[in-house]
Amino acid sequence: MYDGGKIITGVIIGLVLMTFPIWYTSGRAAKKPDIKLPVKEKQCVEPKDYMRKKHMQLLDLWRDSVVRVAQRSYVAFNGAKYDMSLQNTCISADCHAKKTEFCDECHNYTGVVPTCWDCHIEPKEEPKEKPEEKH
Amino acid sequence: MAKIPESWNVPTPEGLTKEVDHGPLSLGLEKGWMRTPVEIKPGMHCYAALPKRSVALDMPYPRDWSAMDEDWKLPRNWREIVLEGFKDRLDRFRTFKLFMDICVRCGACADKCHYFIGSGDPKNMPVLRAELLRSVYRKHFTTAGKLLGPIAGARDLTLDVLKEWWYYLYQCSECRRCSVFCPYGIDTAEITIIGRELTNLLGLNIDWIAAPIDFCYRTGNHMGIQPHAYVDMIDFFVDEIENYTGVRVEPSFNRKGAEILFITPSGDVFGDPGTYTAMGYLVLFHELGLDVTWSTYASEGGNFGLFTSNEVMKRLNSKMYAEAKRLGVKWILGGECGHMWRVVNQYMGTMNLDIAEGSKMEEPVSPITGTKFENAKSTKMVHITEFTADLIRHNKLKLDPSRNDHLKVTFHDSCNPSRGMGLFEEPRYVIKNVCNHFYDMPASCIREQTYCCGGGSGLNAGEDMELRMRGGLPRANAVKYVHEKNGVNMLACICAIDRAVLPNLMEYFVPECDVTGIHEMVANAMILEGEKEKTVNLRGEPLPGREESE
Amino acid sequence: MGVNRRKFLKIAGITTVGVAATPAANALAIGPIEWLDKKLGGFTIPETLLHFFHKPAGHTPGEALTAKRWVMVVNVRQIDEEIVEACTEVCHRIHNVPHIKNPKHEIKWIWDEHYKHALPGQHHEHIDEALKKAPFLVMCNHCQNPACVRVCPTKATFKRKHDGIVLMDMHRCIGCRFCMAACPFGARSFNWVDPRRFIKEEEQNREFPTRTKGVVEKCNFCAERLAKGQIPACVETCQELCKEKGREPALVFGDLEDPDSEVRQLLQSHYTLRRKPELGTNPNVYYIV
Amino acid sequence: MSLKNLLLQKRSPIVKKWCDVVLRTYPEQSQSFLKKKDPFGNPVGCTIAEAIESIYDELLQGTESDNIPLFFDSIMRVRAIQDFSPSQAVGFVFGLKKVIRKELGSEILKEGISEEWAAFESRIDGLALLCFDIYSKCRQKIFDIRVHQVKNQSHRLLKMAGLAYDLPEDYESPGYEGDLKEGQVNKHES
Amino acid sequence: MNAIASLILSGGAISMLVAIPFLAVWALPYVYGIHLEWLFGIVIPYVAVIIFFVGIVYRVVQWAKCPVPFRIPSTCAQQKSLPWIKYGYAEKLDNPISTAGVVGRMILEVLCFRSLFRNTRMEFGTDIKYKSAKWLWLAAIVFHYSFLIVLIRHLRFFTEPMPFFVPIIEKVDGFFQFFLPVVYQSGPLLGAALTFLLLRRLLDPKMRYISLPADYFPLFLILTIAGTGILMRYVLKADVVSIKELTMGLVSFRPVIPEGISVLFYIHLFLVSVLFAYFPFSKLMHMAGVFLSPTRNLSNNTRIVRHINPWNPTVKLHTYEAYEDDFREKMIGAGLPVEKQAASPADKE
């Protein structure tokens, strides 16, 4: 091999960079999201699978509907009516009471940062949340 | 009624009307290049090497053949020879192997080749020229090519392919312009060089290269000039110089103990207008009182071995160091030459520096100004424009640039010192100091983007005049531009092949423009000690405005 | 409307309900379209397209207050400092409007203006002293012909077709501030700094969003309250206060198109002015002076 | 309307199509390149485009201009060294007839100016002959240069006749006894 | 192979590559009850990645085994010469003599595509104007950087917790915050650049002439990969949490196949695997090759420092002695000095 030193160094640097996820993870299995589902409500506005994949589009539909055409009442798949409000319906005491135990679980896991909470105020949570997270 | 000979290829009347009236452009329906067979045309290639050229250098398979013949009289196992040679070179040159592998055919080089620009032949696109070899590489040396064949862009090495190789390898002047634009630096010149090595394995050289290497090996120079004739020739210059300037210069030959060995391409000694440049060197050395000697053994700077094979290049080049060592000189001064300087800059030290071991050679120092040429520390060979530029910078030359006032000069950057060395400023500095009217050509035609003269790499024969004219067209076009815009009437260059090729090119495209070496202009501008009043230049042409004073 | 959409989804076989079908649903006999729907799994017609074709998705809640054209009538003579303060306070509190001291960064939805600035065309030196000094409550005029809407490049600010309220869609605002330049009344404020820092957590109205840095905001005629059947907060507060003080209501809110409405009667019985009517924006806030 | 006016009116499509006629004599792969407007990167295409335009303009001037040969010269100088038979090299001149007929055929009939057209056609024929002359001169020049080159290279040597080195007739390499055909003299010697 | 045949071949190949996972993952379970998710979700990705790394290293080692006999850099600027001749930064980079210069040149070459950028052309007018012909450069640089950003963004599926730079890149990439989910500019840019590169190959006759199926195939492959990715993100919504479970299983070597992943994801993953496996055998190796190109990564200092050719051949030379033997008498006749005096006539041949 000629210029072996330089080439091998280059190859190693390249390999290290390209295998970043492997050594960064170094074999430990990642903690899966652990979602706390509401106690009271048993049914979301749409079926679970739909919500898992398309909740953002539903919320987008909601916000346009509410803000732009003043239609605020959503007729769910089972006929029930809901106030179209992230703050007052979804993340409310009756449903997903804690943003950290619902939204953040998956969003942090998949690294998606929603812009919702830049304006909408998340529900208050007891400050003991933090020590819990460390477990 | 007499029949028209078939070889005339006279078109039928129907054929004629067809030529004029083409239908709409076909979109993608054209035949792929792999299935377009090569048609070897007169005027576009050089004559085959004569068998006798191969003798002294033991080149393989010398025979009498012609490219226009159906039968090239190849050895029976020619495919094995080529493929073996191919493999051998893949193992020896990283450039070759890499350039076979990584081309993405982005087309950045496609319209950069002067032969493509001038001829429009798509196989003159550098990428396609290289693909000619790459397709065979894929077929014989890669798994994908072996399995998928044409789908992977692979094709067998057939006689037609070999002929295509030969035709297009000898339509590349190895000028490296395409390499400048290639995102991976793929150097088609390198591929051509190796491709030509492969053709040489089968004795498929051209005579314009085979003859010079043969001559150079035996007599020391391309022209086959024997030592006494060489001396006679220089003596002839000495007389002419005395005639024109009144000063008698006294060159020495093969003189042991000289400080500097001077080597220039023999084209300067035997072909106009290079001869005037040679006279320029003589005048310069005399005026400086330089302790310099010429050599008849190493009487050639140029090296057509570069266009033949590595080994031949080394064999021819070795004479420089061998002679420097024998004569005991301190360093070598090199004349104005193109590929000589590519060899000196990129190959000589690597190939032959061991010959100079134990010699008296040392880091070159100008005896006139004391300048150390640090950039030639190892190779110990200095370009004469570096040397002269240094002299001018230190005011060691008495110059009267107005003696060149009738000239409006532009400078042709020769490919090899440009893209194989980076010699851009020195010649311009010299020109600007020896003449008052200097106009550069547009920037896309000079320096690292310079266009070839059309006859480099051994293609400056007479029989391929059409090829040369096509290849030289972009250069001529740029000269024509400055000629029309600035009235340029003199094209300066620092290459002996240029001085042989460009006059023809100018005669055809820009007849008002002549060609000169830089040192001819230097000598013309120099005020010599004891000179008579100058009425003519080194060409014996009367100087405008001065002829009456006598 | 919403029910229709659901029907459409079912009929076209493009909803994903089938995918989520519980084992119980599996047991039921299903129609061919639902079967296909199930088989197609992830391959549904994009919800985005539905979104595109099926606005609006919900419907208006039954208790909502509706009108053809909402207007407000301000009786300047009935307003005092206390009313101004109360109205401003309640408006800014429920809408999470930050209280920023730096006047350059100030955000305001409703505020007190000098008469000469509020009604520059009606001002002269010898005007009634009381009027000169009286607090003059101003806010977005929800113009009939709003300049701000016309200039907005993203349609973030828009006029609601059914009731004429000029609103801001904060999701769309890119902070270009063309609307601020266009508005002749200075009714709009730009969030130069993050407003959340200026709202104490305990004072936040959790039912209403805040804004982010880099968007424009203004009075929304309490669109969110109208939807719940409530009149704008400032009107409500003001009327309560006026009642306590035994005055006529200083702020009245109602439908201009309804001939029987209180506002129409007020406008008929009083001489009213509007701010800069000469500009042709046709404001919907009327002043009794 | 006279033929001249019609030709003036349709100047740009006719010039463009005539240019295309010339460019179509080149390989298809290089035609797009030849259309690039870069006088240094694409001297062939630019020379052709410029000259064709000028020739057309001169032609419309009517008077037998001195400039026409100059413009033809700039095209033919290039085409004479390219891959064309003489008929191909010159043929593009006739292409103009076809281009004009396609563009103006119906108008010529309508306006009843076919006589004028016939005269114009014969002028084009004249141009083709002129063009052929220029082509021949260019080819002649090439051959002159060829001869000149050989002369030039040996001219200094000829002054000292007989000093040039060549292989002795009976030279044979020590180790090699191949089928050398001595005495075979090539047309060319460096 | 003309353009149409090339297009049909590479287009057909891509269609097959899409059809394989589609049929295997989507149809087989319904028709035969066979589940092959493990093959397309675990085995093939692992095999492809192994081929990718082993293949690249193998190819680079093959190149490294070839010596670089000569130092032949393309010198694209003034050489380092006399001290008063300008040798500034531009010259140091385009005609380097030092390692620093070479490193700088390589950085420009690799990160900025310096050589493609050189592509200027001139236009005539009353003055000469430089008009850049930089479309190829632009498309190439947009394509490569978009691809890089897309790759880095994908780290969110392969790391837990995410490294700091991933959210930053995502934020920059989704700067305009339009549409929902937020549109990453790199996606459309990648598609646009690829489309340009493809159209350029198809519409320019000389490009069409030099293009091989091997040129169209990677373009189609990457376009399809980008297309399926964009579909999954914006249109046919994939279950990102399940997908991340799968990808994290892959990188932590505890592979799992979670429920509820749509077939579109398997198509995407399969095509990526094909790209990985195809990489070392194709022109895509220019990624590694660009670092090794001797015309760019060597300094132009052979006149200063001797470069060694490891196989420098021993060749037969025509020595001065032999030369003098050939021409001695003539040399003496011309008054040239000789080493040996002329032998007596009897000694001669």
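Residue numbering begins at 1 within each chain, and the chains themselves are lettered A, B, C, D and E in the order written.
Heads up, the rule we're going with is that a residue touches a chain if its C-beta (ideal position, glycine included) is under 8 Å from a C-beta of that chain, and two chains touch if they have at least 3 such contacts.
All figures in this text were calculated on a predicted structure; none of them were measured in a lab.
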Legend entry - Where chain A and chain B overlap in contact partners, by chain label: E
Legend entry - Co-neighbours of chain E and chain D - touch as defined: B
Inset, instruction - Would you mind checking which chain's C-alpha centre is most distant from the centre of chain C? - result: B
Legend entry - Chain ID, smallest distance between chain and overall C-alpha centroids: E
Inset, instruction - Report which of A-E and B-E is connected by more C-beta pairs in contact. - result: B-E
Inset, instruction - Averaging only over C-alpha atoms, locate the centres of chain B and chain D and give their separation in whole Å. - result: 28
Inset, instruction - Mind checking the centre-to-centre distance between chain A and chain D? Centres are C-alpha means, answer in whole Å. - result: 72
Legend entry - Whole-Å gap between the CA centroids of chain C and chain D: 78
Inset, instruction - List the centre-to-centre spacing of chain B and chain C in whole Å, with centres computed as mean CA coordinates. - result: 81
Inset, instruction - List, in ascending order, every residue of chain A touching at least 2 other chains. - result: 2, 49, 53-54, 57, 60
Inset, instruction - Please list all residues of chain E that touch 2 or more other chains. - result: 63-68, 121-122, 204-206, 208-209, 237-238, 292
Inset, instruction - Find every residue in chain C that makes contact with two or more other chains and list them. - result: 47-48
Inset, instruction - Name, in rising order, each residue of chain B that touches chain E in their complex. - result: 25, 28-34, 56, 58, 90-98, 101-108, 110-111, 122, 125, 127-128, 131, 142-144, 150-153, 176, 179-187, 190, 217-220, 226-228, 231-232, 253-256, 296-297, 310-311, 314-315, 318-319, 322-323, 326, 344-347, 349-351, 353-354, 371, 373-379, 381, 386, 389-390, 393, 418-426, 429, 442-444, 447-449
Legend entry - Interface residues, chain A side, partner chain C - complex: 47-50, 53-54, 57-58, 60-75, 77, 79, 83-85, 87-88, 118-121, 123-124
Inset, instruction - Please give the residue numbers of chain D that touch chain E in the complex, ascending. - result: 28-33, 36-41, 46
Legend entry - Interface residues, chain E side, partner chain A - complex: 53, 56-57, 60-61, 63-68, 155-163, 166-167, 170-171, 177, 180-182, 237-241, 244-245, 248-249, 251-254, 260, 288, 291-292, 310
Legend entry - Contact set on chain B toward chain D in their complex: 9, 11, 16, 19-22, 25-26, 30, 41, 44, 47, 50-52, 55-56, 58, 62-64, 110-111, 116-122, 207-208, 211-212, 215, 218-219, 222-226, 228-229, 232-233, 236, 270-272, 275, 442, 444-445, 461-463, 465-466, 469-470, 473-474, 477-478, 481, 500, 503-504, 507-509
